[in-house]
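Mind having a look at this structure? Questions to follow.
A, B, C and D label the chains in the order they appear, each numbered from 1.
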Amino acid sequence: MMSPPKKDNVFRALDRKLGAVAEFTMRQYRTKLSTWVILGVGFIAIFIVVLFYVDSMQQEIEAIDNDGDSADWDGDGYPTGQERIYGTDPNNPDSHPGTFTPPIAPDAPEKWINEDDFDWDLSARGDTTAGYDDDGDCRLADSTQSQKDNNRNNVECDIVLDYNEMRGEWSEPNSDKLVDEDPDEEKYAKEAIHRAFLLAIGKMGFVFLLGIFLPLFLATGLIREEMDNSTIHFMLAKPIARRDIFLGRIVGYLGIVWPYIIGMGTIVGIISGFAGPGDGFFRFADLGMWMAIIFATMLATLVYGMLFCALGTLWKRGIILALPFAAWELGMAILSFGAPSASILRFSVIGWSLNIIDAASLVVWPNMGLFISMGMWGGGAYNSDFWGGTQLEGAAALNAFASDTGLGISPIATIVVSTLVLLFQAAVLWLVGSAIFKGKEIE
Amino acid sequence: MSEDEENSPQPQPQPLAQPQPIAAAPQLPIPTTPQPVQPVQPVQQMQPVQPVQQIQPVQPVQQIQPVQPVQQIQPVQPVQQIQPVQPVQQIHQVATDDVQMATAETPVTGQGRMDTAWGSSEGDEDISEMASIGQTDSGEIFKQNYEPWRGELNPRWMRNWAILRHHILGIFKKGHRPWGVPTRIFLVLVFFASLSDAALTLLSSLIGDSEFHSMWGVNRDNLYGHVLGFFPRNVMYYPIVAALLVGGVISEDRLHGTSALYFSRPINRFDYIGMKYASVAFIQAIIIILTLFLYYLTEIMVYGRGWAWIVDTFPIFLGALMGGILLIITYTSIGLALSSVSKGKFFPGIGLLAIILGTKTLAIIVKNLFDREILYLLSPYDCLAHVGQTLVRTQPTYDQYSWTWSLASLIVMNAIALYVLSSRVSSMEVTRE
Amino acid sequence: MERERIIQTQGLSKFYGPHMALENLNLDIKKGATGLLGPNGAGKSTFLKTILGLIQATSGEGTVLGHDIRTEGAAIRSRIGYMPEYDALNPDMDAINQVRYSGELLGMNPIVALQRAHASLQYVGLGEQRYREIKSFSTGMKQATKLACAIIHDPELIIADEPSNGLDSTAREFMIDTLINTVKQGDRSVLMASHLMDDVERVCDEIVLLHKGKLAAQGRIEDLKAIDREIEIHVWGGASKLEAAMIKRGMRVRREGRVMRIAHESEELTSEILLCASQVGAQIRRMHEYEASLEDLFLVIMENLGYDVKSSEDLFKHPIHARKVDAPGHMGGGAS
Amino acid sequence: MMPDLQQVGEGETQQWAPNITAPVVLLENVSKSYGKIHALSEITLALSGGVTGILGSNGAGKSTLFNLLMGKLKPSSGSIKLFGTDPWKNPAPYARVGFVPEHEKMHDWMTAHGFVSLFARLNGLTREEAKSEADRVLNFVGLSDVAHKQLGRYSKGMRQRVKIAHALVNDPELIVLDEPLQGCDPLARTTIMNVIRELGKMGRTVLVSSHILHEIERITEQIVILHNGRLLALGNLHSIREKMDNIPHTISIGCENPKELAKDIINNDAVYGISFPSGDRLQIQTHNLNAVHRELPALIVANGHKVSSIDNPDDDLESILNYLTGGLAR
């Protein structure tokens, strides 16, 4: 009376039990107010940061005359830098290039601000020299050889960059006097803030905040709430293995969380791509970073989802069990900024997830370390700012959020290894969680 | 429908219909002493003997009147008008006493003799009364006595007072709203911790060290600090106190259905919200405001401050008081709004902490990354601090921004919270569709 | 004797958007016990909420105990006792305190409320258990506590929503007895919504039957019942033969398993039944005049409204897909 | 690791080993205790086909029994077999089981149709099949016109009917109904009772529990009585009553002339007591109900008595339960 059942392909098969559980879970989330509250809070939190990022990108950063040569100390109308180039005495009002024949017109002081920007080959690694004296005040003809070569590397007017393999970082640049001493703050700061923002929002915003709190609030109750509401009875009385219920619930949860993360990442990525500094109208190079951030967050939500769902299954107050984990992961996240190679990080989830982002940042911005030390050096201490440092704006923030991968292997390998480890963690937690669920007596 | 269930006395037509008791099928346990006594007898659950003190003490005079009981003892007849008193069980009481007296001859304890003596000395009237009504139905057993009650119900303020009392007294003793034990312990701890500045003031007066006193005595910074400042209080104490308190206040009514208990009584939604709000705020006030008073009082007492000093410092004190009140109002509004949108007691508590601490964290990130201040607008705590600093006139943290923005932000937060609260409470159900 | 009316409505209607919950309801409920019946979703809850003054009727008016339901909701609610269908008790409180608090919420002062709480708990049979926490209570005890909460202020009208639902037979019996006692001895009115017709029949004299927000029937139970006389017999062995024999003798027989009902047409019916039984050798274990119950009444009314009882034929009318996939083939599953 | 693609409901701890001859439900010496509390002790039971009423007061162990059957609890000792397979950690047998839990909570946000089709899909149907199945069962329980309303807006009885619909969606062999009639209106109640009865007649195994003994009596005569976790009796309720021969049976006969009838009846050996509670009523005490009833019609007809009613007042579930549980399960 009935046609023989169609042969099941994978899709028809998935359309049944597992698919049904996953679809059910997604629809359940959609109808819950708390889901939207949590997702909305995440959205608002991320977007407040984005707002400030965009604002800071629009802001003018005041150009500082780091070496003080735009000032006209003697009041003859010629900035110090111009006088120095022409060999007149900057402190003598009677000595200025206007006395030359033909007289040389005085430069506008602005010309002597940010006039000696960085000229570093950022692909360098190991002992190398860089830098070019754009304004020519180092290469003055009347300077002696030793004046031109303070760092005694037998190259006039250069900067020695020394990469310390042991510590894995660049040591303080050893510069000849008056080389690259008046960098363009705005150019550096925007780039640095942009990078710092990407790293900060990727690591703290996405991987930590979204990656832990979304699972904490959404996944802990996946099984537990059903058990508490005793609605699980309906599902358990059907021919579906509890392991599959567990998996189906997680898949449904990911069906809500992953699109959310991808959407958020894409939107923030596009905004930052347009708003970010650079010559082009869009920073295509950063897309790699955003892919890494989204990918790392997806993996983090997967692993934490499994973990918190298992904890929720284990005990009625699973969220109490989950909170110490969240605290531990926060500690690990903070630790990873300072000591990315600490072996204790290998026992966390966030350590591996952040590794992916760090590795991606090294791929996208290959000379991150040099870039940071450039900003920390900031042109030498000739005209220190108010606090006595020469650090450029943004360098400290970038320094705080950037870190090495910590595995000691190439960035691509780091991404692969971290991904595999996270997937392995997820699989183990799935087995553990479904074993707990399977052995649970439910009244 | 199989129509052929034949003469088999078994009702089930299908072959496997009968349960098959397998090997170890149990013997039918036949009760050894069957008791075909009238089984449907709810009597034993009822206490026929009413404790004397339960009798309405309202108009005891009328109870002696022998006439009324006679017409009331008719057990079947529905009493037309409710009699002000209920002599029914009064009579009944006498009757049972009498029966007990007659049958209980065995006990020879002193107590028994006393009972007998008591019964005989005062029994004359009762027996005569019994006799007069006994003809109607002396053998009547009252399973249940419906006790009418003719008291007056107090007006609205009394009902509201009941809600308030129920919630506040629950902190101190059993029988009222059951607050969790951790909550109560934490409240006590915070109360004493909040008294630490009063204690240190006391200590400084005992030592007589003026430097010590300048650290802990009453001054602008310390008054501000008592309410809003100092690290453990602003992050740990008061937000957690608020979180613990608001947790289940409304959400548990929803969870347990006890909202029906309120709304099926003459309590309107406004009173319900208002009293819940007031009780939560009051408990917080005990901790924050009361300790502030005690602190101020300690200073006056132990240093013998005169009127001049009081007049000098009173504006500061008032400022701190206002700050505290603002704090209580804000935390309560936000917390109750969260409580009204959820069903458990964890979500509102964690949510309140997340709002207070989360906005702070977010603002710190923004400050570090972009060097912009948004705390004074975003975080409830920092808004309060900003306004509080202005009220107490201490050194403001956000001196480049006007405190009115913070105040406006506070008002917006409260308004949103109260709107959520009222709209959610007005949709709470009594019955279910 | 005209008894006083406690609930009256005229043209009461309530719409939720386009959905009509109550339509033009004219009710007249008198003092005493009244059953509020209706199939699931008939609008009983809406009706109860309306007369409690908790929701505003779209149109129409009504009074409860002389108070207008549109304006005097609070006054109504302080004179009635409402016993909700769902759990409405704080599981962490003692029964005595819960009941006392419910009295205080009405405006009783705490001392009086405590006395009344003792009395009402005693009355509902929880005298011994009143100091126990409610979470340790069984369903029956919870229901009793809810009733105690409702009667603490000795209301003139008790509205009980499904008071006996989910109770085992002991508790149910007691709940029904208590309600009867409240009406008979206490001279109070009870409006009882229930699906258990036996209980309604025992407690109530009158019923109101709602259907889709409209009044389907109202009146005394006895008056409403059809007087279709039948003899019901329970047969042990040889039921089919007996049935055949009786039909042969011209009796009208309805049969359900071992139970048969025969239309009571002649005075000699019982003798004829016994004669048939003796001929075919069937045992008649029971034989009595069958009295229509409230449940029959309900079904008849619903049948008149176009709803009937379904049978398994309706269930298996259409092909069933489930058979295809239900179990491994060797279990008889697989293809149907 | 892969999801159950074959839809055979493979066993997780043991292979699916069907045994067609095995009883549908088989419990052997099953005990279940929580700490000190013995919820069930030494239950042995085999059921195949037909409707069985599970009786017992609150706390008698009915819910524990159902939870054990549905694999939610692990028996402390003994073995449970559904279709010859242990259900603990093994969902395979549920392909042929429908279960109506007692709990009232449901997914309030779902529509009835969504709810039923979800569980049809969990039974291994595809989306389309599940939809048509859901239509079928919802139509049957009389909810098709409100099938797309949210469950949260349903009344208790409607929810109960949705639960029953969801249990019937896979056309189960074994149907377990825990308090199925709670909150249903008489129409639904009668429909559900009819269906239970008819499913039983079709050879399906149906387990029903209810607090309301009349309902059980209307559905089935085959009962299992649990009390304090023990099995007190099982089988046909009339047979059980007859086995309780230390409690005399009473037959109450209403007739015009009871004294005359008594004279005729006293000759029957099985009768050992006769009383006249009222002028038109005769009560016979006997140990052998069968023997008396076999003679009774002929005797009445032969002697021309006018009998208006015959009754066995203590041959009903309530009395049996009462006798067996010593008056505790009234």
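Keep in mind that, in the parts below, contacts are C-beta pairs under 8 Å (C-beta built on N, C-alpha and C of every residue); 3 or more make two chains touch, one makes a residue touch a chain.
Keep in mind it's a predicted model, so treat the numbers as computed, not measured.
Q: For chain A and chain C, which third chains touch each of them?
A: B, D
Q: Find the chain most remote from chain C, comparing centres computed as mean CA coordinates.
A: A
Q: When you average C-alpha coordinates per chain, which one falls nearest the overall C-alpha average? Tell me, please.
A: Of the chains present, the most centrally placed is B.
Q: Find the geometric centre of each of chain C and chain D from their Cα atoms only, then give the gap between the two centres in Å, rounded to an integer.
A: Using C-alpha averages as centres, the distance is 22 Å.
Q: Take the average of all CA coordinates in chain B, do the same for chain D, and state the distance between these two points in whole angstrom.
A: 43
Q: In whole angstrom, what separates the CA-based centres of chain B and chain C?
A: The answer is 34 Å.
Q: Indicate the whole-number Å distance between the mean C-alpha point of chain A and the mean C-alpha point of chain B.
A: 50
Q: Could you list which residues of chain A touch at least two other chains?
A: Where chain A meets two or more other chains at a single residue, that happens at 239.
Q: Two or more other chains in contact with one residue: find those residues in chain B.
A: If we look for residues of chain B contacting two or more partner chains, we find 9, 11, 40, 432-433.
Q: Find every residue in chain D that makes contact with two or more other chains and list them.
A: Those would be 7, 9, 92, 95, 123-125, 155, 198, 202, 238, 330.
Q: Which chain D residues qualify as touching chain C in the complex?
A: 7-9, 16, 18, 20, 57-59, 83, 92, 95-96, 120, 123-125, 129, 132-133, 136-137, 139-140, 142, 146, 154-158, 161, 168-172, 179, 182-191, 194-195, 197-199, 202, 211-214, 238, 254, 289-290, 293-294, 296-298, 300-302, 306-312, 315, 318, 321, 329-330
Q: Under the definition above, what is the set of chain C residues touching chain D in their complex?
A: 37-42, 45, 85, 138-140, 162, 165-173, 195-198, 236, 257, 270-271, 274-275, 277-278, 281-289, 295, 298-299, 302, 307, 309-312, 314-315, 317-318, 320-328, 330-333
Q: List the residues on chain D that touch chain A in their complex, please.
A: Its residues touching chain A are 3-7, 9-10, 12, 63, 67, 70-74, 89, 91-95, 97-99, 101, 103, 105-107, 109-110, 114, 118-119, 121-127, 130, 163, 166-167.
Q: Could you please specify the touching residues of chain B with respect to chain C in the complex?
A: Residues 3-9, 11, 40, 42, 45-47, 50, 54, 56, 75-76, 78-80, 82, 143-151, 153-156, 158-159, 162-163, 165-166, 174-178, 252, 256-268, 430-433.
Q: Note which residues of chain C are touching chain B in the complex, please.
A: 45-46, 48-49, 52, 54, 73-75, 77-78, 82, 84-94, 97, 100-102, 104-110, 112, 115-116, 118-120, 122-123, 125, 127, 149, 153-154, 161, 173-174, 177-178, 181-182, 184-188, 236-241, 257-258, 282
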